[in-house]
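Following this line, the structures themselves.
Each of the next two complexes has chain A plus one other chain: chain B in the first, chain C in the second.
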Partner chain A sequence: MSRKLSHTQRVNRWGYIFLIPFLLAFVIFQLIPLISTIYNSFFENYMSGLTHIGPTFVGLENYKKLLSGGELLQYTKNTMIMWILGFVPQILISLLLAAWFTDPSLRLKGQRFFKTVIYLPNLIMASAFAMLFFTLFSNVGPVNSILVSTGILRHHFEFMSHVGSVRGLVALMNFLMWFGNTTILLMAGMMGIDTSLFEAAEVDGATAGQIFRKITLPLLKPIFVYVLITSLIGGLQMFDVPQILTNGTGDPMRSSMTLIMWLNKHLYNRNYGLAGALSVLLLIITGILSLIVFKATAAEEVD
Partner chain B sequence: MKRQVKNIISAALIAAMVIPMSACSSKDASKPKDTGDSGKATKTETEAEGKVLNIQCWNEEFKSRVTDHYPGYEKTGDNSGKIGDVTVNWIITPTKDNAYQNNLDKILPENANASADDKVDIFLMEADYALKYVNSDTTMALKDIGISDDDLADQFDYTKDIVKDSNGAIKGASWQACSAGMIYNREAAKAVLGTDDPAKVQEAVSDWDKFNETAAKAKEKGYKITSTVNDTYRVYSNNVSAPWVTDNKVVVDANIKKWVDDSKKLVDAGETTTADLWSDDWSKGFFPEGKVFCYFGPAWLINFSMHADEDGSIANHGGWGYCNGPQSFYWGGTWIAAATGTDNPTLVKDIILKMTTDQTVLKDIATKDSDCVNSKTVLSDLANDSKFGNKILGGQNPYKELEAGAEKVDMSNISNYDQGCNEEFQAAMKNYFDGNASYEDALSQFNTAIVEKYPDLTTD
Partner chain C sequence: MIDERDIQDKDINLGAPNKGAASVRVRRIVAYIVLILLSILCLVWFYILFINATRSNGDLSRGFRAYPSDRLFVNLNNLFHGTLPVARGMLNSLIIAALSAVLTTYFSTMTAYAIHAYRFKCRKAIFVFILAVMMVPTQVSALGFQQMCHNMGLENSYIPLVLPSVAAPVVFFYLKQYMDSNLPGELLEAARMDGAGEIGIFNIVVVPMMKPAIAVQAIFAFVGSWNNYFMPSLLLHKDEMKTLPILIAQLRAADWLKFDMGQVYAMIAFSIFPVIIVYLILSRYIVGGVTAGSVKG
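Entry: the complex of A and B
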């Protein structure tokens, strides 16, 4: 062993230096808030009008309060339903589009243009998008006018007063906003697959469908898992779209109230205790779900 | 091959990191800029009475009233002015998403310790949440800045009840008396009742039973009685027999329950809808095609909200009429309050006195801005002056009804929690009216929402 650092070690040092910005940002914006959230969740601490109540240490009281009511379960269910409703069509359409875009034999024209166009909805602010849909689907909005004037419906349909239509609209918006993003991620995954595999399969006489099922899909798995987990986490944090669409009520009967909307309700009176406890529970739920997805999809991965 | 995948993932991760960071930094960047601006404007030396008067408000209304009517006010910029050698700063925070109150909640408790030029001297309140500030030390009793109850004798009692703290001290004053009534579509009244004479129409809606009978008749002629159930909510809720909250317990008053029962019947019969106030669905009745029999509201609704300057609206051709309706109520109004810790008590006193009790100023406001002003004398004068026919009401002079209504409004049954209770109750009951829940389920959703908002309250 020489006293001087070896070449590799010297180069490796730069790795740590490059990590510093991330680490700083992580500690300041993620780790410290995370710890203070957990800390806060053990206290009763809120405002009643202008009077500050607490902070008093109450142990696990906040958690008990959250877990004893049926709300947590209901809002988790709402969130998951709306996420799945949006995610299933999203992943199907994205797979199809990504397969078309990356298939050299199709020689699609205007690829760049369409790639941009499908990504565009993601650039609009979610709240603006939700506001737009709120106006479009209001009782006197254009969608109702068209449906009635073309004779499809006899009376206007109250989109905001039915469970199915509100959840459906939220899912539709999430689908529209995110399928472009997913398409681009899946495309990147597909382009990363060795083309010689496709060529070999073609030479062996495999059909396009077989190639897609037997080669593209299995090799796409890592990126697929990534898409699934990020979308799941994003889905659990669903907030702005249903919040704006239902004016924060989550109606009808809170059937479109998501977990974060519920969290937001507790922040009205700066109830840091309950909101903190809810955030911690959310972290645990997210962790468990991500783990399940990861285990289920990455089970037979070798490397 | 795999590298490409990794690149994409790392790019995505960087984006995930950087985007929230830049969002944070832009928020941070905008904050000091705001305070910097007001700081610049407030850099004057301090003396016994402050040289800077800071006024917290949520829109342009009070600013334009002071600009137009306060003697000696000189406009120097969009949000600044001068009274003598005192600089006046208007700090406007919109009410949307509770931002205005959040801002007050942050700065008022610290106001006494703020530096002289940053102290809030005057802030404005709305009735729905006034008690929250009135029942705290952040608001000064008017007596303590030298305004006696006698000075306010000509004001309507309800406007004083709203800002009375638990010891009976008045802590604010308003230049408006927003007593409200029923604004009916004259065309519809002729079709449904055979007359559009205010006295006759009033007879047909003089109590809720008659009102509901008229609703059935209106439906036969193709009119909805109101645009939405929320139109009548204030009328019922202003006439309760007990406050929303007593001893930290939320109780639904009999008259509010009556609103639920009456409204459910109207909705089921197709005589009204469940749209939100201020939505497009609500305001379509401002036009003849909307086929709405009446709205409930005060003078400002008539003058500013009914699309009077738009061709084809009912207001545009003077097609509305005004009567008191089934029960008296009020809607809106802005109260001026002195913030504890103000360093301009003399000026604050003068502004409150001039703007809310000086009859010349009030008459001016009534004439120029069409506010229904908070002075019994001025309103009687206007009621007897044939010049004050309202074009939107087809020349009818509504001041007599407005004054009578204002006398009758009784706001002694208010509580600190009214805003939250009223909002959540209407939101929860929409589910019942729409048929998505039973009354009990809707009520339990209301209870849940209330405890979320006010954890110190209990419900049944």
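Entry: the complex of A and C
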């Protein structure tokens, strides 16, 4: 008996050995950089022209500078506006499509084709997609060419010089890239609902709309929370699309500059103190958001 | 659950059964129309891209046309002999994406196997920890990462873009779930009885059984790395190390009006269409694989 136990224990030691690569990579490439990022946030450390200032310990100065300047608020606002503009149509359309795809009374044909098509933009290189939109919507690009030649517009519209159109294009790209993904996630959630609930409701004479509102939506809540929060975390990381579309300027008048574009700018200019403080702020926000997802979905996975 | 107003609705429906069938037909037609419009909205950009990549600069300046021309290979040829190191960029992107995909799937399978198959003291704590760090974005540690690479002389190297994929909590989570429902413990016991070592069991028994899940995650990892712009742009400065997204950004930053627009479209097409073609071949596995990692069941 004791020999068998010790054998099991010996075998189970392999659990630690198989974890070594993950833990090593995690510590070296994520944990240490994260700690050094936090450490940097307490130091004055930047380039002024060609002279390197610092590093000097300044306590919470960087945070004060970050929070007192108007830029943080402005860029947070930009990020959130563009996220909401993309997310609201995304969740509405996805919900509608998922309900249609899973509705047995509709028996839609060609589902695989439609799912393949709507998921496709998700895999496209975001930077190339943004570059494509930039050329398509430029002053001499095909969209303006079509709008003018069909007589919808008399003169070309400068998509890149208006706050609304730049934000709208970023939101449109985000919508296109993510609504297919969200549809598939919501569908999986809907198909996980016990069909006997639907049958019982149908026997009771509930209409499709009633079944959707009274049964599907309440039972979808965990997946809803998951989609909402993961999309919000993704939205906070918005970078490639506005960066390439506006060539990193966030123009017009920095109205499409996102938080990560700002971080990227600090990193390029070796402005480490402020970059560190901004990173820590983003870490705290995403940490809180992750906790919500974790509580809502993943906690029950741990056996 | 169903209130009085709903019950009234029900009576009306029962009174007119034909109306129910008609409404299903109407809803089906509406659904098809919306789906077709959305499909067009998804595809039209790539159609215009394809058309424009086949046209010459002079032709493009005369405005939009809905059918292709015959200059695609001329444009591509000009692109490859132009100022941007496109061929090299493609090779760099391929190497980094392929190595990332291999490393991330192999080692995430290993991590998942450690948590799945063995019972040791910190097992649960480590599992919770990996789930907890799953959502932390790479950007928040980019500063420290960039400095570390700078200090270790790893800028302009594949290493910092490839090795970190060994620790990928999302891939781990997907594979762990797949393993829980597809890897019978008896099989491992049988292999152990036959005298196989633990590493041998992992490589010869576990990895082959995980093939479907590994394939799905390898595709996602490859595409994710292929499309990645943020980290490579902070680390790769030498022309011969740059990846395709960086070259796209360079194209955007250049005074693009002076460019041959046929070449610009060819460059974008060159970055987008390989992924689309591979996607169309593998779409069945990809679309099916989207959900399994993120939603239970």
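The definition used in the following text is that the second predicted complex is superposed on the first by the 244 of 303 C-alpha atoms of A that agree within 3 Å, B and C clash if a C-alpha of one lies under 4 Å from a C-alpha of the other, contacts with A are read in each partner's own complex, and residues count from 1 in each chain.
The rule is short, and it goes like this: a contact is a pair of C-beta atoms (placed from the backbone, for glycine too) under 8 Å apart; a residue touches a chain by one contact, two chains touch by 3 or more.
Values in this document were obtained by computation on a predicted structure and should not be read as measured data.
In the superposed pair of complexes, A:S161 makes contact with chain B only, with no contact to chain C. In the superposed model, A:I193 lies in contact with chain B only, and not with chain C.
Of the two partner chains, neither chain B nor chain C is touched by A:I84. When the two structures are aligned on the shared chain, A:F239 is found in touch with chain C, with no touch to chain B.
When the shared chain is aligned, chain B and chain C each come close enough to touch A:L185. With both structures placed on the common chain, the touch criterion links A:N269 to chain B but leaves chain C unconnected.
In the superposition on chain A, A:P252 contacts chain B only, with no contact to chain C. Judged by the touch definition given at the top, the superposed model places A:I288 against neither chain B nor chain C.
When both complexes are overlaid on chain A, the residue A:E71 reaches chain B alone and has no touch with chain C. Touching more residues of chain A than its counterpart among chain B and chain C is C. On chain A, the surface patch touched by chain B in one complex and by chain C in the other comprises residues 22, 25, 29, 135, 140, 185, 188-189, 192, 223, 226, 230, 247, 268.
By the touch rule above, chain C contacts chain A in their complex via residues 1-2, 6-7, 9-11, 13-14, 24, 27-28, 31-32, 34-35, 38-39, 41-43, 45, 48-49, 52, 61, 63-64, 107-108, 110-111, 113-115, 117-120, 123-124, 126-128, 130-148, 160, 163-167, 172, 177, 192, 198, 202, 223, 226-227, 229-230, 233-234, 244-245, 248-249, 251-253, 256, 261, 264-265, 268, 271-272, 275-276, 279-280, 283-284, 286-287, 290-291, 294-297. On the chain B side of its complex with chain A, the touching residues are 1-2, 4-5, 8-9, 12, 17, 20-21, 24, 98, 105, 108-109, 132-133, 135-136, 138, 273-276, 279-281, 284, 416, 427, 430-431, 434, 436-437, 441-442, 445, 448-449, 452-456. On chain A, the positions that touch chain B within their shared complex are 22, 25, 29, 46-51, 53, 69, 71, 135, 138-141, 158, 161-163, 185, 188-189, 191-194, 222-223, 226, 230, 247, 249, 251-254, 265-266, 268-269, 271, 274. Interface of chain A with chain C (complex): residues 11-19, 21-26, 29-30, 32-37, 39-40, 93, 96-97, 100, 105-108, 112, 114-121, 123-129, 131-136, 140, 142, 145-146, 149, 176, 179-181, 184-185, 187-189, 192, 201, 204-208, 210, 214-215, 223, 226, 230, 233, 236-237, 239-240, 243-244, 247-248, 260, 263-264, 267-268, 272, 275-276, 279-280, 282-283, 286-287, 289-290, 293-294, 297-298, 300-302.
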